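Shared between the two complexes below is chain A, which pairs with chain B and chain C, respectively.
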Partner chain A sequence: MSIRGDTLRFKLTAVLPALLLFSIIYLVSIGFMLTTSVFKWDSLYIEGFVGIRNYVRMFADRVESPTFYRAVLNNLSWSSIAAFVHIPLAVLTAIILAGNCRGWKVYRVILFLPHVISITAFAVIYKQVFNPSFGLLRGLFGALGIASLRDVNWLFDPAWAWPSIIVTWVFHVGFFAVIVMADIVSIPTELYESAQIDGASAARRAVSITLPLVRNTVGTCVILDITGGLKYFEGLYLMTNGGPNYRTETLALYLFQKLQLLQNSYANAIGVALLALGLFVVLVANRAFRIGRSAY
Partner chain B sequence: MGRKAQTSTRSPMSFLVGALRQAYLLFFAAITAFPLVWVVISSFKTNRSILGSALSLPDTLHFENYATAATMTKVIVPFTNSIIVTTGAVALNLFLSFAAAFAIARFPSRWLRTVALIFSLGVLIPINSAILPIKLIMTRLGLGNSLPGLIILYAILGLPIGVLVLRSFLLSVPVAIDESARIDGTGWWTILFRIIMPVSQSGIATVAIWQAIMAWNEFLFAILLISSEANRTLQIAIRFFLGMFFFDYGALFAMLVIVIVPIVLVFVIFQERVIAGLTAGAIKG
Partner chain C sequence: MKRKALLVLVAIACLAAVAFGQSGKEVQLRFLSLQVGVHPEAKWFEQTVASFNTQYKGKIRIVVDGVAGDQAAWEKLRTDAAADTMPDLLMVKADRSEFNVLAQSGRVVDLKPFIAKDAALKAKLNDAGALATYTDDNGRLLGIPYAKAYVGIYYNKDLFRKAGLSGFPTTWDGFLAASEKLKKSGVAPISLMTGENAWTSMLMLANFIGTSNAGMKWLATKPEAQDFSAAVFVDAVAKLQTLLEDYTTPDAVGAGYGVAANNFLQGQTAMIANGPWMIGSFSDPKSAPAGFEPKVGYALAPGNGVIAMENIAYGSGSKPSDKQAASFEFLKYLTRDDVYSAYLSTGGAAPGFKTDMSKVNYPRINKEFVPIAVAAKYKYTIFPNAVKPAVVDAMNQLLPELAAGRLSPAEFAGKCADISASN
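The block that comes next holds the complex of A and B.
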């Protein structure tokens, strides 16, 4: 047996199973979704070609479009909060944790907890926290004597529902803080020492040394956070299911709801919109952070 | 993790900065932990005391909530299912992604670079956009309402992360390690299992942890594919529990504690491993 043939056979047997399975789920299904989104398919069988009708319904239908636009708006709102609030909070937390402050290990464990507990369990917990008759928030605002906030029905008040959803994740910074922190502690100590001799303050060192050096990692975190947000489904499904009055609708949820109504091809058109939005947001983030070589 | 140099002089200014840092961390820790603590405390209260006052402590520890929760939900079935699915998915994923990642890392050829690029696209694509086609494909393959189906699907969904993280890890393993074995005429698969895998334990641990957290917590595809009660995983069972305890909040809180405690215990015991594993390969590779 020749060495070359042996090596080639290994390469094929090592790569092909993974590539084949990956292609079935990722490429075939996405191709199928793109194709069927231009057909009529409201039952078990695909009934016929309808061109862009599903997309017209999405963008310009008086009944459907408001929900669709609300979903896109919410997805964009989520992505911006992820990039401009969530990740900056995580970076600040990482800088503080890496600064050898007292009890950093305990803090790290507590802050990381939300990442090991499922979103599903957290959604049920937050549903109780926001409960208008016995929830934790009602108890807290009652104890503080703030009656106007005590009586808010957080998840069912059109003005409060979306901010409440944001609150369920925006303070959970542990996961990204840990990733950024690992990057910070790998920065050579000499860089900080010489800056300190030059009289640079802690804040100044963070801005001029730490931040530029962790840019790549932070950019990767932004992308992971945004794509995670676009995939986020179970929390909304269990807490509000898009209500009240579509205020907490997102594309992932809207897609699932249409699927349950067996509006298959319309659901696939929403899927295409979600896919396009995802690629758009990732491209923007990639540009903004000028991500070079990184693991993702 | 190594520590950073810091000001050791105890000036009033540095004291103030230290206090601010503590306050910041305390705020985030409280906002994270408080709901969890509240759930644990409430799980020991009677329904009346829960409805009466959210912040009160239990009069005595009402363990009967736990008995009610455990018997009503038969939580052991979905719990076992989740363990089976997570273990199977992690094992299958590790095998597939390790083999592919080794071939890609070890043989830099154009078509293998293309394969790596195809896998990396998978990280960026919100794959939940294609839930309908995926459901159809799985059902057509006879893997619709079954645990093996979930195992295979989760293993595939984890391939992009698995291949990319393992590839960048394997790039740092010196080629010299396998060259001598190669001269002796050892086959590549033997080299992979006997020589490369043993020196790649930290990379494998990283990927295993990623995959396990993902598989254990997955909800959308489970609820889409699983239709019979016997096959429910823990995450989708939670949804059905929610309806069950509509008027018995003490038992609902007890159920939440039952669901959360095992994974939290595992994390607290293995925290160094989890966090080190997550950061070792995830970013730098």
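The block that comes next holds the complex of A and C.
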């Protein structure tokens, strides 16, 4: 047997357990979800084949389709904010921290703290912050004399509900900042030194050296952030449950609500839609950041 | 030859040992229960199971599979039903959506044959309405009716007095006038909630609907045939909208049960619609300030109405005949006068079968309320029993819109009709 054959066999043997586990847990589950989405399953038992009926309901039913489209829109909104606001904030924070500013280690710990607190705990805290009777925001705007903002029911006002949800996570940049920072500090210092000698400012060095060299890491962070947002559920369920009138609905929440009603096959159709949306945004992010290609 | 004879003797001895062991074997029953942790009936439940286990030691032993919280316990039971791993003992609720799922599973034991053989128990189960509630479409009795609830409106007598009100209003016009007086005295009149299952708001909606002959008929209509355009429903929604807009706390929109209950218990609101299970919290130092319980009154809904709901039953999911027999023993044990009177005294529930009420020591509030509830002119069920589960589920989406005036009562009713038709 050649060395190449031995190496190939070794590689296959090494990945086989993980591949088997992945197949059983994920592929079988996805297959089950796809299959049952075309059957009638509105009780404890799976009944007859119904074809694309659940998908027609999702896309065209007078009552259900507006909720579905609202959920898709919210998911796309979340993904966009993740890619164009959340991650850029994290990258900016990482660049500042990597510059070894005074107390950077303390700032890094403080910024990371929100990520060790459970989402459920945060949801409960934010419900109090946004409470229209005695919440922190009510007190703040009351003290400032801004009555129009003092009386807002932040989580249940159609204009403010979705922005309020976004505020609960968009400034929590510590996790991704630490990941990007780890990549920044591995960039050879000679590159910065030679740029400095050539008269490049700190901003110029960040744009021309740092950002291109951390492209892969930033792209990976974008994908992680987007996929995390697509499956985000606990905070939404506790704070608004998709309300008011489905304005903060997402596909994950919509799926859960239908499961609660034992509309299992329709819930699985929503799951298929969520999977498709996830694949689409990951492919787009992959392409945009050219992940996998060397940055050097 | 000798060896063969010895082997045969050993085999017989082993079989005899197994048989002897089987005949003396303790039957273990799994009891899936939500009456654990901080549940108001947890202490009664724990004591009942412990005393049963002591009395039946060596014969039957109950192992509690405790799941705190109504929703979590229901999801566990539903999963067990789907997976064919039913608990031996379970609580069967009168909630139609839950009951129908259990009935459809075919995995809950029909208790009729067992009861037919037990004359004493048969004589106790004298409430035909209660028995009908827990009988499925195939005539199978899935639970022994255990508790009924008469649900009224709790009110804070102190806050009423401060607002210049001498008693609880007996008409809806009087109710709105009283609410206005309470509001002027600086307190939010009533605790409502639009989050979770919008429970206290749904109770008020049932009260608005049910206090008329047409309304009682509306609430008795099957969900599949429900008419949301009926004037009695639209008018009730309009009244609920008035309460949400003008007579409740700002955090009622989006609030869960904890917020609504806490507002009443802390004196932020003067009224809350809820069942007898809340009575325990009025004197619980973890829930209410000292001296709160004497301030609380319990009244019929204006218009002389009361929600009269079957609440819970106990049943079995056992398969082997020995476990079914053992489960039935425990179900019978639950109907003993001493056990049952302790249960009724704890939660203030109304009995689901014939029992010696002289041993029941109701909390003060229930002692005053139950006789007037029994005599109420209109008795009706809760709103979720009259509509499809999808409509109930949509309440926490639609009620904030109603509260903010973005949906009119007619539009709200239209949405309910659309959701009902689509699900």
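A few comments on the model shown:
Please note the rule applied: the second predicted complex is superposed on the first by the 270 of 296 C-alpha atoms of A that agree within 3 Å, B and C clash if a C-alpha of one lies under 4 Å from a C-alpha of the other, contacts with A are read in each partner's own complex, and residues count from 1 in each chain.
As a working rule, a residue touches a chain if its C-beta (ideal position, glycine included) is under 8 Å from a C-beta of that chain, and two chains touch if they have at least 3 such contacts.
Just so it is clear, the structure is predicted and the values come from calculations on it, not from any experiment.
Between chain B and chain C, the partner in contact with more residues of chain A is B.
Residue contacts after overlaying the shared chain place A:Ser118 against chain B, while chain C stays out of touching range.
When the two structures are aligned on the shared chain, A:Phe233 is found in touch with chain B, with no touch to chain C.
Using the contact criterion defined above for the overlaid structures, shared-chain residue A:Pro163 touches neither chain B nor chain C, since it reaches no partner.
Of the two partner chains placed by the overlay, only chain C lies in contact with A:Asn245; chain B stays clear of it.
In the overlay built on the shared chain, the residue A:Leu155 is in contact with chain C alone; chain B does not reach it.
By the document's definition of touching, of the two partners only chain B reaches A:Phe171; chain C does not. Within the superposed three-chain model, A:Asp61 lies in touch with chain C and out of touch with chain B [touch as defined at top]. In the superposition on chain A, A:Pro132 makes contact with chain C only, while chain B stays out of contact range. Comparing the two complexes, residues 127, 133-134 of chain A contact chain B in one case and chain C in the other. On the chain B side of its complex with chain A, the touching residues are 1-7, 17-18, 21-22, 24-25, 28-29, 31-36, 38-39, 42, 50-55, 96-97, 99-100, 102-104, 107, 112, 115, 118-134, 136-137, 152-153, 155-157, 159-160, 163-165, 168, 187-189, 192, 213, 216-217, 219-220, 234-236, 238-239, 242, 249, 252-253, 256, 259-260, 263-264, 266-268, 271, 274-275, 278-285.
If you check the complex, the residues on chain A that touch chain B are 6-7, 10-11, 13-15, 17-19, 21-22, 24-26, 28-30, 32-33, 36, 89, 92-93, 96-104, 107-121, 124-129, 133-136, 138-140, 142-143, 171-174, 178-179, 181-186, 189, 192-193, 196, 202, 217, 220, 223, 227, 230-231, 233-234, 238, 251-252, 255-256, 259, 264, 267-268, 270-272, 274-275, 278-279, 282, 294-296. Put simply, chain A touches chain C in their complex at residues 43-44, 61-64, 127, 131-134, 151, 153, 155-158, 240-246, 257, 260-263.
For chain C in complex with chain A, the touching residues are 78, 81-82, 101, 104-105, 194-195, 249-251, 253-254, 389-390, 393, 396-398, 400-401, 404, 406, 418-419, 421-423.
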